[in-house]
Amino acid sequence: MSNAIEIEGLVKTFGGLRAVADVDLRVPQGSIYGLLGPNGAGKTTVLNMISGFLTPDQGVIRVHGKETHGLPPHRIAREGVSRTYQNIRLFPGMTVLETVATGAYQRRRSSILGAVLLSRAERRERAEVTAKARALMEQVGITAPPGALAETLSYGDQRRVEIARALAAEPRVLLLDEPTAGMNDAESHQVGELLLTLRGQGLTLVLIEHNMRLVEEFCDQVTVMNSGAVLAVGTLAACLEQPDVREAYFGKRSDARRIETLRRARRG
Amino acid sequence: MTLVIQQLVNGLALGAVYALFGVGFALILTKMGILNVAHGTFATWGALVAYFAVADVGLPFPLALVVGVVAAGVIGVLTDLVAFEPLRRRNAGLFAPIIASIGMWILLLTVAQAVFGATATSFPDHAVPSGPIKFAGLVILPAQLLNIAAALLVAFGLHLALTRTRFGAAVRAISADPRSATIVGVNAARTLRLVAFTAAAIAGLAGVLAGLSSNNVSFDLGEALLLKGFAAVVVGGYGDIRGAALAGFMIGILEVVSAQYISSGFRDAITFGVLLVILVLRPQGMFGERKLARA
Amino acid sequence: MNLAAWNTTLQFAGVSAIFALSIYASLWTGVLSLAPVFFGAVSAFTFGWVTLTVGLPPVAGLVLAAAGGGLLGVLTAFLVLRLESHYLAMATIALVLIGRVLVLNMEDFTGGVAGTLAPGDLGTWLWCLGCLGLAAYVLARLRGSRFGLAASAVREDPAVAQSLGINPRSVQLVGFVLSGVFGGMAGVLQASFLQFIGPDTFYTHLGFTTLAAVVLGGAFHWLGPIIGAVVFTALPELLRGPLGEFDSIVTGLLLVVIIIYLPRGLVDLRRLRLLRGRGKTAVSE
């Protein structure tokens, strides 16, 4: 099986601090891949480098065999990489439907002139995009009406809108940064089921996730990071055999849990 | 040769006013992240208040100058409180403060016209000694010396204050992040007011000196200074106020020299042409760092 | 104010509205640009020159100015779009400053300090509303289009937009072209209404009041700038009675108050949607 993402010797330094130090990563095509580790381990930094928000200081990133490090984010997106965000980033003022339709940008072909003259192609495309956006909303399980302001939705629904927006681009690789943060167990499980469906459609999924049960149930393989370096690679169970993983990860898990409880309490 | 040196001196004296204004403008822009278009009206107010202190109240010029400078500083603080503080609290981004400052510009200028009456005038002759100083074939006016001395003093003083004092450390902390600055024990409110006062007071000083050396105190005074001060900041760079000062002097020399050797009509064309070229080719300015502080 | 005066004021409001849409076209893509004033200046003086010196009919002058404005938009975009937002705004202000210097110094073409005449043929309601209608129609059609959604996305969060495959630079380039065409049309109409244009006709004052109109009306929907421009042109006329020549005090005050208390302007679709959303939940509960 070939790899969707291959990373070799990735390094990123912020003001003398090595956030990511010599990381290798191989994500097999069509898998659900977990990126684990305590807060500050460098997981999001790796994700940001894959999607092009950050340029690596050193190292190689290949997406489906093509080198993407150094490309601007929109070029990487055109290679079939989509993503969601740890701190939800929706467009203020946009409805759910508009937000998801925005994600379809790369899949649309209509021109400025066609839009102004409202050509037949433009009308057909708009109808298609609307239908597709509605279908995606249903697939990810958004219950709010399409005309609602995305930013007013419940926390879980906002995360789902982000997923739908990313999917509208028809990616081959989907990067999810804590997709279940702030969700209850039932909602998290729904997201897990969605991941399975997407994998079934041929997508490769990389997720940063703190919910161990979810990782255990849905991830095919994981990489555990700590302090910017890779601690372990393999199945979750195999990784947890390693004492340094248990020390690094479970030592901090109580922290992660406490933070999560705090977050929920504040929101509620 | 004497002519060239004379031109340089004239250019330095003209550029000193730009440098002075540019330093205050740069202080707000780089440390507070606000492109304050109303900054020119602070200069107008400084010049007008000083003029009326001399002409109507009969204060001696040095005292009137202080009154004008303080008045400008107070208006700067009021502007900050009324227009910028609410936006800062809301974390309103980059555009909102520019628009608020346009509003303050219109407001302050119209109020000035209502208060002072819309006539151009000049400081009385006896305000400063007007007899030229002759030195090695050069003719230097006392006002010119005053300009240069004031610009150098303010630029170096402010640079020292920003780099060597607790005030400077507080300003840096706030410019990095206003909220966390408060956490580490910086009195954010007081520092912000002080910065607003300092920048506006410097504009006021530039206004008084501009009015003095051009023999013209009018409502357009601030706008002309704003454009040149703006050019000085862009050319000099945003990271360091010394850049703005140096660029101000350079623009003054450039203007005097191009008026002498090319055409006085193209004086502004050259200044603004340099401005655009620098913006496009080297947006961080000739001496500047790359990043701007966020509002 | 008598009827004739109102007639004139409202026609100017129409031209201001086209200028406001020109600023809006860039703002939509997240670019604060005063370049429309420069576009207006170039097109107005070109219009004066091609009609009076070269002898083209005024309508040809308008078409030429609109096309030239679009081209100028492309050139400006290439010049300034590499800059970050603050620098970009400054560069467009610099362009306005340079525009005045050019007008002053290209005397054969612009009349220099004295200014120049322009034919008044296009200074009618028909042309004013025609051009305004055209600009508004184009913007309204683009709103829900591929470009429209991308423009709003780039404005609200350029990084996220990029991760969806949107290149902010190319979206902003389109914004500049639209801005150039609208600015070109507005410049010609302004010249035709005034029948005289000088170095101060298209300067910072026009830029800042137009920007103020956009902010007042709302920069998040094409209707906002139009309403803002009408209010901003009519209000000083209404205030001239009670306040005399100091009517701009209200303009300035209004600008500060609006940006602080109504930052998204009078026409705010988001607020409408919020209200509507609340209404719905109220019903369903």
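Which chain is which? They are A, B and C, in the order written, and residues in each are numbered from 1.
Keep in mind that, in the parts below, a residue touches a chain if its C-beta (ideal position, glycine included) is under 8 Å from a C-beta of that chain, and two chains touch if they have at least 3 such contacts.
Because the structure is predicted, anything quoted here is derived from the model rather than measured.
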| item | value |
| --- | --- |
| Category of the chain touch graph - line, ring, star, complete, other | line |
| From subunit B, the most remote chain by mean C-alpha position | A |
| Central chain (by mean CA position) | C |
| Cα-centroid distance, subunit A relative to subunit B, in whole angstrom | 49 |
| Centre distance in Å when subunit B and subunit C are each reduced to the mean of their C-alpha atoms | 30 |
| For subunit A paired with subunit C, centre-to-centre distance based on mean C-alpha positions, whole Å | 40 |
| Interfacial residue positions of subunit A with respect to subunit C in the complex | 51-53, 72-74, 77-78, 81-83, 85, 89, 91-95, 98, 101-103, 105-106, 108, 110, 112, 115-118, 122, 125-126, 145, 147-149, 152, 165-166, 169 |
| Parts of subunit B lying in touch with subunit C, wherever the complex brings them together | 29, 33, 35, 37, 82-83, 86-87, 90, 92, 94-96, 98-100, 102-111, 113-114, 223, 227, 230-231, 234, 265-266, 268-269, 272-273, 275-276, 279-280, 283, 292 |
| Subunit B-facing residues of subunit C, complex | 32, 79-80, 82-87, 89-91, 93-95, 97-98, 101-102, 104-105, 204, 208, 211-212, 215, 245-246, 248-249, 251-256, 259-260, 263 |
| Subunit A-facing residues of subunit C, complex | 137-138, 141-142, 144-150, 152-153, 156-157, 159-168, 174, 220, 269-270, 273-274, 276-277, 280 |
